[in-house]
Amino acid sequence: MSESLAITKLSDLANPTRFLVLASRVLPWLSAVTALLFATGLYLSFAGEGDYQQGLTVRIMYVHVPAAWLSMMCYTVMALSAIGTLVWRHPLADVAHKTAAPLGAAFTLIALATGSLWGKPMWGTWWVWDARLTSVFVLFLMYLGLIALNRAMDDPGKAARLCAILILVGFVNIPIIKFSVDWWNTLHQPASVIRMGGSSIDASFLRPLLVMALAFTMLFFTLHIAAMRNEIWRRRVSAQRRMAARMAGDKPGLTTEKST
Amino acid sequence: MAALLLRDLKLSVRAGGGALIGVLFFITVVAVIPFGVGPDLNLLSRIGPAIVWIGALLSALLGLDRMFQTDREDGSLDLMLMQEHPLVLTVLVKCLAHWIGNGLPLVIASPLLGLFMNMDEVAIGATMLTLLVGTPALTFIGAVGAAVAVTLPRGGLLVSILVLPLAVPVLIFGVSASYAAVEDPAPFLPPFLILVAITMFFAVLGPLGAALALRNADD
Amino acid sequence: MSHTFYIAMSYGIAGLISLCLIAWVWLDGRARRRELAQLEAAGIRRRSATSPAPEGGKA
Amino acid sequence: MRLIAENLSARRGEDLIFQGVSFALSRGESLVLTGKNGSGKSTLLRVVAGLLRPESGTVIWQADTADKGMRAAEACHYLGHRNAMKTELSVHENLTFWQQFFGHSPQGESLSVDEAADAVGLGDITHLPFGYLSAGQQRRMAFAKLLVSFRPVWILDEPTAALDVSAERVFTGLIESHLRNGGILIGATHQPLGLENAQELKMAGFTGIAEEVW
Amino acid sequence: MRLIAENLSARRGEDLIFQGVSFALSRGESLVLTGKNGSGKSTLLRVVAGLLRPESGTVIWQADTADKGMRAAEACHYLGHRNAMKTELSVHENLTFWQQFFGHSPQGESLSVDEAADAVGLGDITHLPFGYLSAGQQRRMAFAKLLVSFRPVWILDEPTAALDVSAERVFTGLIESHLRNGGILIGATHQPLGLENAQELKMAGFTGIAEEVW
Amino acid sequence: MAALLLRDLKLSVRAGGGALIGVLFFITVVAVIPFGVGPDLNLLSRIGPAIVWIGALLSALLGLDRMFQTDREDGSLDLMLMQEHPLVLTVLVKCLAHWIGNGLPLVIASPLLGLFMNMDEVAIGATMLTLLVGTPALTFIGAVGAAVAVTLPRGGLLVSILVLPLAVPVLIFGVSASYAAVEDPAPFLPPFLILVAITMFFAVLGPLGAALALRNADD
């Protein structure tokens, strides 16, 4: 089985039309699973008792940590789609990283907001310029920059390719966020769940945390697939509009249409 | 003239120049500072007004040089020079559009940055006020530089020598007025009034100088 | 302020942002679907192009 | 209505490009400048348009409606080598801007933006960003700018460069109708514009070095 | 030496501008693109020059000296609507830069900067800043760029726009001698270039919208 | 390639005056800080290296956006894209020219500013050394932003936004190396070597990314 055959198969699967069919089929299921996970996660997080050190505020962790993880995962998803755009020039990859940017920005915003809400009772201040916090803030700015770049260009293909390059170059920030706590001694908690040598967190906190993390992940995928579907529809509409205008004008060679 | 204002505003929003980006840039600049200075909140709040002002000056400088250049490169400037509207007015409107598109958003965003820099309310208010009064002066000074730059095919260096020294007083009085508002012994009003005077002075001199430079740009 | 306040705020803000996202995706999808339906009603369909599909479009 | 140039001379750098150029044009008359590359056609047009200070001589605009001190430039439309349109804005926005900026002129009637685009044969693409047009389409749209606000004098610098044959005919037609309506034309071209009764002025280029001063 | 285009198609924005364009040119042959404004001439030239990625199809350069994988673009000179010269530098500096940047080609001989300026008839003003030249003079100097370093294929997009008649003749002469020396030419024009034996390709413009993807 | 280097250097001196405005801005930024911090010489010398580094970072942003834009506007970029020199090399040379024209003057001016900030000799030397090693990284990162924004008519601010987040590590290690040289317990070499590594990393990644972006900005 040759490699090219595998690639054709993959791109066949990822054909926009087929994607639409697939999306409509899985979206209801995904939404249901997400809702179920959130219900369980919320129940677990409010049923458990507080930490001896951090009191009840440990409950913020169940939102903060999954959101923080997702803010990085979303960027990783974008980086993978960026490779798809640049290497295979696949239109679906364009759509994937374009629609992921606002989602990533939103999750980063959640992590920032809940983090500073946690910081006030724990550290006594809303915001400190420590490495972890600032690098997450920088990630937020990068999401906004990518959104701005996407909006500044009106040829979607070109915008996708240029954004893809920037996403890949900006990927260096992700390890910085992840390891910033190890490189600089800061106020922020070092990694205790995902790290070498196994988790060091108590199981009674771990269970709700993992369920909530799963719930957030499912939420991301549900929204992402739905947003991709929207984007495909948007492009389809604009293509058909241009076609229609062209038919109406019927002056071949003189006219061009470009919907905005 | 309203048409010109509108067009220039549209241009500044349309393509990568807009309010959103200016503010984003401003935030980014300020966010970078603590990396250098370190997370010492006291120190940050002390240098806060200066940093916010420097950020504003920088974003003002970044867009300025292209103020007339794009119009010259595509030939629009020729047509503007031919009209009966007094050229000074045209320049003034272009300055205004530039300030609304690039300066005002900075003023509006400055309180947020003040919070980041851990400044107290008075300092934030004072900085915002001085920015509101001072940034137009930067635009007017920049207009002269931009106009001179347009005219001289090899005059680039002259522009830089021209613009920054003139902008420095604005920066100095802006910063010192902001500080005066917080620190007790120093009175707020004198430097602030000087700032107002500088802005009004350049509001007249800037467009006049720019118009003169453009008229002599004959080529 | 009590810890409950911070917890409530955290969950509140997280919920609000998530709800905004969901609403945005939902409304956007509805608007696009409506536009497609309008085009359909106007008799404009896909594959009405005079040209064969460029590569990648062998649906 | 008369456009009078008296004894014009102009410098470029230190070179005197031309000297003692005089002409007078009244309603419906046109003047076509010809000459080699670098012979000073564009220079003369820019002098007439008031964009370049003449070394000596004056350009005068006489009209019933005009004030005594009115600069001749204000009665002119100038179409230079560059199109004076923003690539980021749509054609419609560009034309609307110029229409408003030029203002309404009582001396003649102006077309609306859409009519003007129609007149140059590109009525249905005014919503496109100007930067998306091909070279010739851009030139046509720049010409449409002359139609959206009336000015008696048209100063055209190689208007038909980059145009296809049908567009050239369209331009000639528009210029002729402008002349019929009492307009005045000064143009520089390398290809004949196909105008009847046009005066011709052959530019010779470089006439001396402005060394007298020293 | 052959330049082969196979089944080219290209998009601008979302529009397919042309489809299935194929041609093959060998030593001394030339191809002239004609068609209305906006019909895709410049687009096709940019595709051949490798500046725009074709939607499908390939451009191949075959020569004894060429490596297998050599991009066709490397055998080409491209003269587009823009002159690729810096207004702040003198003509001489500009031409010298391009000569060195293009490098020496063993396949044919190149002129020196002064000879090239002479060849386009402007040998005596190479010391002027490029921005001081008239439109036609600028175009001529841009053409001189093709002479300072030999490339077998010339891709010219409306080379004669803004030129006077004598300069047009000069250009035709230079192009003919290039063809005689075994060069290849692809050009787009609205005015006939006066070449004998040139193949002609008429562009029709817009052939469809690339909508099937979605 | 030497020809390209020479041409770009000539251009940066002839027009636009990147070098001078960068240095002037650098001086201005550094000169304004004492207004904020007050005349406390100890404090000034403590934050000195950070301020000098921040000033350099911000001035490096000033000319960045025009790095490829002018070449694109007059069509030179097209011809460069067509040549057989690998595009990466062309970009690298352009970065080099940009650095010599805009970055090097900053490095040379930095000792003067160190004196302003009342820094001692070791600190000044260390800051200059870290700037010498670190500013090229800023140029290389900036090249990616400039290439991405090359098709945007007013890409200036957008470039800086895209670039600044990536420049943060450079700033962090530059500043911490400068501090390490003065404060005893911290060793100078580790952060300095990391800075060198970052510069070398971006010396590869920057031109690669920029070349890729230029190839994809086709129109």
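Just so it is clear, A, B, C, D, E and F label the chains in written order, and each chain counts residues from 1 on its own.
Here is the rule we go by: a contact is a pair of C-beta atoms (placed from the backbone, for glycine too) under 8 Å apart; a residue touches a chain by one contact, two chains touch by 3 or more.
Worth saying up front: this structure is predicted, and the values here are computed from it rather than measured.
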Heading the list of chain pairs by contact pairs is B-F
Of all chains, the one whose CA centroid lies most distant from that of subunit C is D
Interface of copies subunit D and subunit E: same or different residues on the two sides (over or under half shared)? same
Cα rotation angle, subunit B onto subunit F, in degrees to the nearest 5, is 175
Distance in whole angstrom between the CA centres of subunit A and subunit D is 55
Rounded to the nearest Å, the gap separating the Cα centres of subunit C and subunit D is 51
The distance between the C-alpha centres of subunit D and subunit E, rounded to whole Å, is 30
Separation of the C-alpha centres, subunit C versus subunit F, in whole Å, is 41
Touching at least 2 other chains, the residues of subunit C are 46, 49, 56-57, 59
Two or more other chains are touched by the subunit B residues 11, 15-16, 21, 24, 28, 35, 38, 70, 73, 153-154
Check: subunit D positions touching at least 2 other chains come out as 81, 87-88, 132-133, 137
Listed in rising order, the residues of subunit B that touch subunit F in the complex are 11-12, 15-17, 21-22, 24-25, 28-29, 32-33, 35-38, 43, 46-51, 53-54, 57-59, 61-63, 65-66, 70, 73, 149, 153-161, 163-165, 167-168, 171-172, 175-176, 179
So, in the complex, the side of subunit D touching subunit B is made of residues 46, 49-53, 70-71, 73-74, 76, 78, 80-89, 93, 96-98, 100-102
The residues of subunit A that touch subunit B in their complex are 125, 127-130, 134, 137-138, 141, 144-145, 148, 152
Listed in rising order, subunit C residues that touch subunit A in their complex are 1, 3-4, 6-7, 9-11, 13-14, 17-18, 20-22, 24-26, 28-29, 32-33, 35-36, 39, 42, 44-46, 48-49, 56-59
As the complex stands, subunit F meets subunit A at residues 144-145, 148-149, 151-152, 155, 158, 161-162, 164-166, 168-169, 205, 209, 212-213, 216-219
